[in-house]
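Both of the next two complexes hold chain A, though its partner changes from chain B to chain C.
Coming up: the complex of A and B.
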């Protein structure tokens, strides 16, 4: 628990040099096009393009992608299997006991597998290549009040502290002899105790943090400055433009509109 | 047409829950003048951030199980777990007592979940928004001035049910009549799950925190 599954990987790749808002826009473009596609081929090409971008242009280590693959593809795979068997059809492919897979089910299953896998892959690429603080500064640049964006900043700051706290409370319970394989009711009571301890400690920290930042003048002015200001990048515009071209081309190609 | 219909019916369910919170009195409830005061203090925002971070950490593991159950088994498989994610929304509202706090915590908590590795990626934020709106709508009916267990439990139920609108869109629960039928069959389970695990648990946590005396500084007025 004390280590984030997904972390910003700082390797100064082309993708890292793209500004945070353009990357967010790029994720939206990818998702919108994915929902417009009608064939598994078009969605497959989109997913392959994302994987290629992750390896070549974002230089995400293949080990990181493999480690995250149960998250990226696991739920998408289960969703695909669910639609494969639940969708009625006339062209039977095979049967597994009471479950029957049809050609129509396969089409539907692939649709939902690719939809979810593409969405998750694109968002993981955003997380791997973007310092979330830059994204928040970008959102403030778009007009979100900085005090609200600051709440997300603070949550990010508190995240590792909370994770350590959960581990510490668990360890404290463990050395006092609580069994990890105890009955469900006992485990629920333990969970309540972990949660309550972490909440109370968190609220105490929140109070002192609020006092500390207010004493430094936070919130006194309508605007604030940042160590690193937000700037749109040319690379970001190129990235969005390339994926608009790719998406449009795939729509024309799958519908034989050329 | 099924997805817009699901949305409309879910809005009606939320409205009914809101009316129940407003007109049906169960037990004694702590009430305040309430109102639509959106002036968040720095302390309020930090409390939301801390609760959001805690809920993000706590809910990520459950989120993986819930995602897998819903993806593999459809609406009925994950219904019992549907309500376990929103306790933090109600707890945050109990502590901060301002309109919009449940929506803000929804956004923060789901952003943290997405960063910690929720298998639905950035689309997790969609649940934060829909669940937050569901809880906010019920509290808006009581003008954010009722802090009794009944109103909180109904807000939890509304958050739980309204969140399924996003799941239905994301997981394609409108694609066959069988899944749509399972979706409506799962509705009472979603509501009960949200009522207990989000509403009552959030209210109980708030009451317990209140007893520690930690809220003396946040409730200065």
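Coming up: the complex of A and C.
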């Protein structure tokens, strides 16, 4: 029953009611604008807007955001630090041994931090608030053959179960005790085994899933019907429109200001 | 409920006909099924029985064409299902004829929401959406889950998952419904409710083929029984005929049989049940045995030497999240040398408790002390030497590439490093488990029974464990394998090891256990002997348990005025105590 970071959060917020394709379009709009911005201020405002949307309109629990924050901010932070030190520049800020941070590095570091954090945050908001089935139906609506659209969907559907399997294997291994005196070797062996056990069981289960869905007529015809067919929502258009306005205004604002 | 799609097409002939069928799995030289000739009538109810590995699941997968269409292999003979030759029609095209419910339907689910899952099959068949929507509601109502239609599938309980699987199959209106062990891991009351659904389908005239080890409720209802062993049909006919003519073979093969049948067969073997048919229900057994007399037995009570307290739980609480609690203040003691069962419905907190006892989880409130020390001071590695836990899926525990290495690993982990000593102990354990031949085999390629026993062995080979916890010993095992595992456990107990068993199997509880802890909704609602438990109908009801058929026979006999001594809680002791009938 482990809580999963990459999992649909069922709370029927305004954001949940936006159709899946509009949300996908919204993620693209956010990413495109983020790459157009030239200042840390504009990117910061975009990230803040996303966080505000997540908390207020998508009603994502703050605990879920915190749990995902190593993925959202942690990786972006490391990328930022990396650029802080490797970017050549003339205005030295401080030195750490052989490493020198420059003003140019700080700018570059912030740029990469914000870009990655915004992209990941927007994608998480899509996953948290979208029943992936709806996304699949949406993709079929756009003309993608349903077998392919379904493949993406199944992968995401099984992520939580794979996580459970990893937890179960970890627990079972822990109580076996440790046979080698070297902790590093022991860790290495355990990791090897997690992979082996999870992959072997995963393949078996993937096979039984494939058998089960084929038994239920999956792939019998080149197309299929949908009880809940895809429909564009007005809310979706509003969401995309609002972010286009926000992005455009930020571009004018930063270029006018600086 | 929807009727089978085309009753008008119903001909007098069989709906399933297997003739001269032999099948080899892909790449295997030994056949999985040999010379099978079976006919199943439209609208009949068929039970498929046999020991582990006898070919039951293979036969199920043949009926909807998964074999040979997807899994390949070599098939000779013919399989005609609903007028179609399965080796020539695609699996997807069989979907309207055969609905197959798998052992583990969690992996059968393709979507997130309950109602989407039910719609999935009919959508694939391109039925009009309005028609599907009506079908979804009907199917969900049928299994009593319409109120959960907006729920996510991963938030369902074990019983709900099975019922959803059944609803998803029903929504496709198949002519034939094939169920492969649909209740393998459900608590007794939930099993009963799934059984009621199956019987309702049967009354509505569906063709049903069922594989199960819980035969009690079906013996009198089924039209046809097929006994498989090593891929061959050993016998077929009405359950009554198969039992009376081949019952002894079924006992020898290790097929799970209902208590009334087993008692009848065993008494027949002893020459005690002459001129009477073998009973197949509790009611029949009570009638057949009404003149039974028992031998005078001075003491059949189990002798238990209760030692010091090993585990003491006081007001233990735990929650996986802040909002919901899984355990609400549980207190109990477990003494040296006992066999204790923890029982209760799915989700009652049994597994949480067992994880706490090996140190994987810590109580959020209350105190838990083990071997005289507070659990908060232990870590998993320390406890690993004293406590052994055998998981439901033993594969999760394996760390090495051969059985031999697996056992050696456990010894090394307990600080036994002398190579001679390791070799000696590993070999003696291999002999004890009767798997010396498999010493160099990969643990994953052992049979189900050997895997379970290796799971126990890896935990105990070091000889230092004082407490053994076994999670559902019967899961996925036939009767003989279970008996061997229980024999191993009983031997360990006689060596002074304390055993805690988590199980849904009331026969095991009644047969082997000194004390039962009953859990319901995160609380302990009973702590006492199995005899007292089975005499408390209120507890049985609250914890979703069921008394064993043997208990019901004894109660029935007593109600009819036949004296029955106390303590006859397993078929063995019951049969041994009979003087004449």
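The working rule: the second predicted complex is superposed on the first by the 182 of 258 C-alpha atoms of A that agree within 3 Å, B and C clash if a C-alpha of one lies under 4 Å from a C-alpha of the other, contacts with A are read in each partner's own complex, and residues count from 1 in each chain.
Keep in mind that, in the parts below, a residue touches a chain if its C-beta (ideal position, glycine included) is under 8 Å from a C-beta of that chain, and two chains touch if they have at least 3 such contacts.
Only a predicted model underlies this, so the values are computations on that prediction, with no experimental measurement involved.
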| item | value |
| --- | --- |
| Which superposed partner A:209 touches (first chain B, second chain C, both, neither) | both |
| Which superposed partner A:15 touches (first chain B, second chain C, both, neither) | neither |
| Touched partner set for A:114, first chain B, second chain C, both or neither | neither |
| Partner chain in contact with A:243 - chain B first, chain C second, else both or neither | neither |
| First, second, both or neither for A:71, with chain B first and chain C second | first |
| Which of chain B and chain C A:200 touches, first, second, both or neither | both |
| Chain A residues touched by each partner, larger count belonging to chain B or chain C | B |
| Touched partner set for A:27, first chain B, second chain C, both or neither | first |
| Which of chain B and chain C A:128 touches, first, second, both or neither | neither |
| First (chain B), second (chain C), both or neither touched by A:171 | second |
| Set of chain A residues, in rising order, touched by both chain B and chain C | 1, 132, 150, 154, 157, 161, 200, 205, 209-210, 213-214, 218-219 |
| Complex contacts: residues of chain C adjacent to chain A | 61, 64, 66, 70-71, 90-96, 98, 100, 102, 104-108, 110-113, 115-116, 119-129, 132-133, 136, 152, 154, 168, 172, 320-321, 355, 358-360, 380-381, 383-385, 387-389, 391, 393, 395-399, 409-410, 412-414, 444, 458 |
| Chain B to chain A touching residues, read off their complex | 40-43, 45-54, 56-58, 64, 67-68, 71-74, 91, 95, 104, 107-108, 111-112, 114-123, 170-172, 175-176, 178-179, 205, 208-209, 212, 214, 217-218 |
| Chain A residues touching chain C - in the complex, by the definition given at the top | 1-3, 8, 10, 131-133, 150, 154, 157, 160-161, 168-169, 171-180, 189-190, 193, 197, 200-201, 205, 208-221, 223-229 |
| Touch list for chain A against partner chain B, complex | 1, 4-6, 27, 68, 70-72, 74-76, 78-79, 81-83, 86-88, 108, 111-112, 115-116, 119-124, 126-127, 132, 147-148, 150-159, 161-163, 166, 195-196, 198-200, 202-207, 209-210, 213-214, 218-219 |
